[in-house]
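Single-structure report; data block below.
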């Protein structure tokens, strides 16, 4: 009855998911792990009663592993996901699905050949109660057909290692996935604007950036990505439709009236904002594994789309031009293309 | 066409009303003033092209005075209001109408004998857009029958001259008037609770106080009066009815997100909060004078009620007991008693 | 490593806790249950792989039961809690700890004789993130010393079986516990006001009620209990201190701007409001059992206090008089009395 | 002492300003009017005790006219403004200053030749308390250097006569002026995006439009113009700086909690939103006339800039291309160019 999970990659995010699968989600147990740093793998394994194995392939192949979680270095994702598909085991892969569109397509081919969905990609915003409520409002016709979406993704500060391309790849990628899902629509072109940069950034970085996207249905999205806003972690999303608009709420927080101001605290990092979404994500995924049904979360196609769109954003950020996205025009029937 | 106004009392509030009648309200002009400090009266008069006269009686009697504004020391209000009634001239009297219930009754008798309303008392909250909107919601049945009202009246600090009785007489008196009008109901009993006092007060003062009131219809009101709250000027009012509630808004203010908090400024004094209400109050009163119709603002009966109720609050604050208010059970027909 | 739990009482709340201990909280398992309705007990037991036993005593005594959860009919609570203490097993008892103050005192005596805390009472508000954040603000001196608390507890509707006494016993009891904890203070007297009743109630019911409480430190609390407010489930709490105030947030919800209004949905029942608090409550309690440490949640003394205070509220609601509470003046050292 | 004003154009907006100058602003009087519809002019004149004259030129030249207000048909504005400058009289011109950039330049030349400012253009947002407060926050360094501005301008519905170009000329023009003033910066290029159009529009209209602007300092502005949003009149503005952001407040409105929702009314037209701004605009302008000082409101240069920028927006809306604005690179010293 307990789902036995093998985890490939025991870095920070891997450890967090292991903790979640052990102490937060019921009905799951981590039985085997692998990390390129074998000492770290041993230590993490010991802490939860799992075995450290000498390779990702062995984790995938282990008899006491029912499903695989891939949280290793991005460039190794494709290999492990393909391995899991080959073994016919469900695999949860942290974003990105693969670092190149080509590798994503190889995964899509493999999964399609397998015949049922095995892959879920770790875009957790779809599990946030605010976005879910917003989607319900839109689906129920509460605002008419969507026409525009205004978004902002702000972090207090970014480290020196954060590059201009990461604004699309690591930051905007969350909005890309959740907006495609929210609107049930596909991105068709993108354009990146470069506002006056903040002096609070590391000099190599273009920060902030404004990412404009247009969907197949003509919805216009503007997304401010600002990773050195200083004041905190702040996620905004407003969908404007033909008859009204719906806004993501700010997290609930006590209001203090004092020293001449009425104020609430702004969260300082994503943990406070999306911790519940991560938990729900793993609960629902583990539930699908336990019941032997296909996962309902972000698919390999969604992972491919995210990679294609972030590539286009990076290209536009560098060139300044609008970049069209033809690769996503035909979604395979296997990934719900027929429904559209 | 211009309404010529005589002002009795040229202290701070008198000067503010003279400024208002000269520079804010159109169609009015101050022609005569009196103050016990004749030098001050001369100076104020000169600044607006009016005459300073040697007594309130002469202001009231002056041929170029169509209507009188009384903003002198409280204990002199009754004399001037009675004088204006005797002269058959409209009179706007700042709160209180009179400092004793007996004097209020003498004014009521005189005005009733005169046969039409001449007196308006300066309770300006009825002219605030928030309270007016709240009243419309209640009258339209938007919350069902009112059952409870929760209020707070907070000032940043109170001077040493502010006494415990003034919490009722000078502060709560505004809520008393506006709640009677908001609910179209009468106060029948009061009780004052004495919370742990703040150490930020002058020692002689009971601050905060919680004033409980019950209306003839059984509506229960709780009013926090806290005049040393430190953080600003803050007026709250929430009416709870059988099917919903309606809340007074906080004043509109830009929100700043910075230094880890999302915040708006709290006003520091009543001017920013009720300046518009004062202007509307005088515009509507001057309009009634210009058109020769009876004033529609707070009446002598409302002034009497305020005095009777604040007397009861002071008595309860000192004794701790619930104090019934029989004096207001029968409102004269002249003051709308028949309608009730 | 897994905490094995016996549950006495498999009614609605019992089943919900069994679900929680099985599917939400990790590290716990329900091994034995009892219910006066043995068929129901069998069915519930079967659904989670537990045994149904013929009595509460046998559940308490079972070798595979490490800790006991009591969710049976209120009048039976004392018996089972005393049984668990006698067996030296940790026991989580849903409110009330006992239906009489005398029974609460018997539990206190038994637990004190045992020498370490075994009892936790199910007041879950202390585990709500809003109240916890509010407490941090108060403890950190963010508003100075507390002087007043304004609260409201509103339900959309109450069934015919809900009595006027239940407004204190079942509804206000949550505020009583959380306010004692929030203020780290004790209630010393209470008074219940009876506003004009809503016509939307069952006729036998006094609804709404306003409950006034005074603490040992002189803090004044006003609590509106309104169980037929029609519009939803609404919990409000504002603590006013010497230098500012802090307000409980409303639950986060998407805002919709449409049809001429900007609006958010109000929750319709307590599940959406306190589900997370229940989960946290059991996680922390199970954690204390697993680690063999004393529970940190509401104690038997807190359960006793709640019963004494609700008794006083019911007395005041019936008599109209202020009711003093002497019984809580001396908190035993065993329950932290020395610290105060 | 009273400022005597001649009004050219007695249509809807002209009548509203005549009402304002007669009944709201003190110290002003309308003495002469002209309208191409002489019957309407006569009627309006009679209502305020003014004369109707046979031409705008005669209004400008009248001995009892100290200052001129131009509210006639847009294409006639330039003629009347130039006439007033020639007569050396202060002139308040409703937007647009002129319908072509060339005519604006002629006005600038004439005014510069005159040597002191005589012209004020009717952009009233600078007089709105929210924008003024926002400007203070920015000027005081409260958010660091501005980097981005996110705006929306929404109307419930637009009539059939409203064209796609009017989205820039009549609607966005208000944001154009207030943002130039707010940022103390100049627009350098614009680009209009065309989202999927709402089906609630008249078919010839592009609605909504997203207008992107870049300033000389590199600030990026995105402005949603949506004139058939159905739900009401809604003005949003958020300025994001290096250390924080500041947001325009929504108008204060009572909140109603009922029927399962917590809600406030959205205004239905601009009157409720900017009535106070119009009053303040005329009070300050009349004050400058009365004191014989230069007006401090929007200048002829601001009027020129608005025309140049709206022209560029219309061009971009039609072509889809980014349109640069070179004409505003050198602001004459007469209009504060030296300061920059």
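Just so it is clear, A, B, C and D label the chains in written order, and each chain counts residues from 1 on its own.
Throughout what follows, a residue touches a chain if its C-beta (ideal position, glycine included) is under 8 Å from a C-beta of that chain, and two chains touch if they have at least 3 such contacts.
Given the structure is predicted, the values throughout are model-derived calculations rather than measurements.
In this structure, the chain pairs B-C and A-B differ in their number of contacting C-beta pairs, and the larger number is found at B-C. Of all chains, the one whose CA centroid is most distant from that of chain C is D. With centres defined as mean CA coordinates, chain C is found 44 Å away from chain B. The centroid of the Cα atoms in chain A and the matching centroid in chain B are 59 Å apart. Contact with two or more other chains is made by residues 230-231, 243-245, 250, 257-259, 264 of chain B.
Across the complex, chain D is touched by residues 230-232, 234, 250, 257-266, 268 of chain C. Those residues of chain C whose C-beta lies close enough to touch chain A in the complex are 22-27, 129-130, 133-134, 137, 142-143, 243-259, 264. Chain D meets chain A in the complex at residues 144-145, 147-148, 150, 152, 193, 195-200, 208, 210, 212, 214, 217-220, 222, 224, 226, 229-231, 240, 242-245.
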